[in-house]
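Alright, structures below, take your time with them.
In the two complexes below, subunit A is the common chain; its partner is subunit B in one and subunit C in the other.
== the complex of A and B ==
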């Protein structure tokens, strides 16, 4: 018996489904656009992306969001494929955080 | 390499296997070991279990839509008696109902 995937939650107790009505943030639109382009160009495959999400630790997965998972999965996949360099990515992320110019809207 | 063809027909009773495959699979645990009916043959598709790891997923494999009675899946199901659930399952996760795995 193989462990259940973190996404394999059918039939588990869930309670009420939270309803949140809000606009899509700019970075979310930008990220989905980049994701779609990477698929159209054949750089990433949907099944690979799903697999990277499934590889997240269960607690991390449970505490993340729809867009957060997609961003994390995409970054991991691009590093895995050598499109992004992990050190370069970390350095750039730290620079943005330090500069305080992180764009959330 | 010959392409597989459909091995089940609409109306066939099938059991979902638990093939114990780690990694990316598309057969949720709640249908494993359950018995349902082939509702349609969806076509041949590149195997997502291979494509998830950078392979081509060839040759394409048969995909079926399988229909289950809700109360066959959920022992405490309290909806209408005729309610069904349909899910698409790849050929290698299926066995004829009644046969041992």
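== the complex of A and C ==
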């Protein structure tokens, strides 16, 4: 028997559907635009991106958010493809988080 | 024609990417994205200008685009046929560039109501509707829409009579759906722009009915 993918939640029981809208944050819009460019430029393709999300551990997936999953999946994929260096990325992310500002970019 | 004027309940300017969220504390997610963005720019994978231009392009995708198409279809049977047979070409006729791999329009009828979900992720006709709403990407909607659509619709305040079938369409990255709601009664005298104002985002996903004319 084939295990279900973590993303394959159609038909599962679940609670109430959230009715409240939530506006996209500015960085989320930037992120979608940057990811669109990665596809347009042929750096990544949709199916390999989807695969990185499907490979997420079940518990991680269950607790993840829509934009968080996209970001983590893309980072994993870019590291896997050698576009990003994992250590360089981690260091940069820590520096930005420690600074707590948006000024450096 | 009213020219640029449109009376939608969704205000495009509110969503324009014109500012940083300076009033919000920097989260780990945003910091990680900013790190990714700065490295992609430093490494020459993309430029800041390209990101800005793509954000502006993405802002063109809004529910107004789908509303324009459906309103045209309501008044022009030949256009309606073209939209049902080739949605991307029908979008192009109205100057809308649809970047989706494939778009299919499904028409609601007195006997069948249609709704859209993407159970696996969040595939959505962004060129015609903008970014998907929170409910559409929620795990609850993705899980339940295919199992108990009538109940889900009731949570949205939409009561579909038992005599009307409900068909649920599961989107994927290669095929995305647009629902064409039925034109409400009492709209015979309305202009195309006024008709477009009745067509909400959620009605194009099949989670609402068009607004009743005043």
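What we mean here is this: the second predicted complex is superposed on the first by the 101 of 105 C-alpha atoms of A that agree within 3 Å, B and C clash if a C-alpha of one lies under 4 Å from a C-alpha of the other, contacts with A are read in each partner's own complex, and residues count from 1 in each chain.
Operating definition for what follows: a residue touches a chain if its C-beta (ideal position, glycine included) is under 8 Å from a C-beta of that chain, and two chains touch if they have at least 3 such contacts.
Just so it is clear, the structure is predicted and the values come from calculations on it, not from any experiment.
Bringing the complexes onto one copy of subunit A puts subunit B beside subunit C with no clash. In the superposition on chain A, contact is made by A:8 with both subunit B and subunit C.
Using the contact criterion defined above for the overlaid structures, shared-chain residue A:79 touches neither subunit B nor subunit C, since it reaches no partner. In the superposed model, A:29 lies in contact with subunit C only, and not with subunit B.
Shared-chain residue A:48: touches subunit B; no touch with subunit C.
Of the two partners subunit B and subunit C, it is C that touches the larger number of subunit A residues. In the superposed model, the angle subtended at the C-alpha centre of subunit A by the C-alpha centres of subunit B and subunit C comes to 60 degrees, rounded to the nearest 10.
Of all C-alpha pairs spanning subunit B and subunit C in the superposed arrangement, the closest lie 5 Å apart. In the superposition on chain A, subunit A positions 5, 8, 10-11, 46-47, 50 are in contact with subunit B in one complex as well as with subunit C in the other. Every residue of subunit A that touches subunit B in the complex is listed here, in rising order: 1-5, 8, 10-11, 45-48, 50-51, 54, 81. Subunit A contributes residues 5, 7-27, 29-34, 36-38, 41, 43, 46-47, 50, 53, 66-68, 71, 74-75, 78, 83-84, 88-89, 92-93, 95-97, 100-102, 104-105 to its touches with subunit C in the complex.
By the touch criterion given at the top, residues 18, 20-25, 28-30, 48-49, 51-54, 57, 73-74 of subunit B touch subunit A in their complex.
Against subunit A, in their complex, subunit C makes its touches with residues 14-15, 17, 19-22, 24-26, 28-41, 43, 45-46, 50-52, 54-55, 57-58, 117, 119-122, 131, 133-135, 137-147, 152, 155-156, 170, 173.
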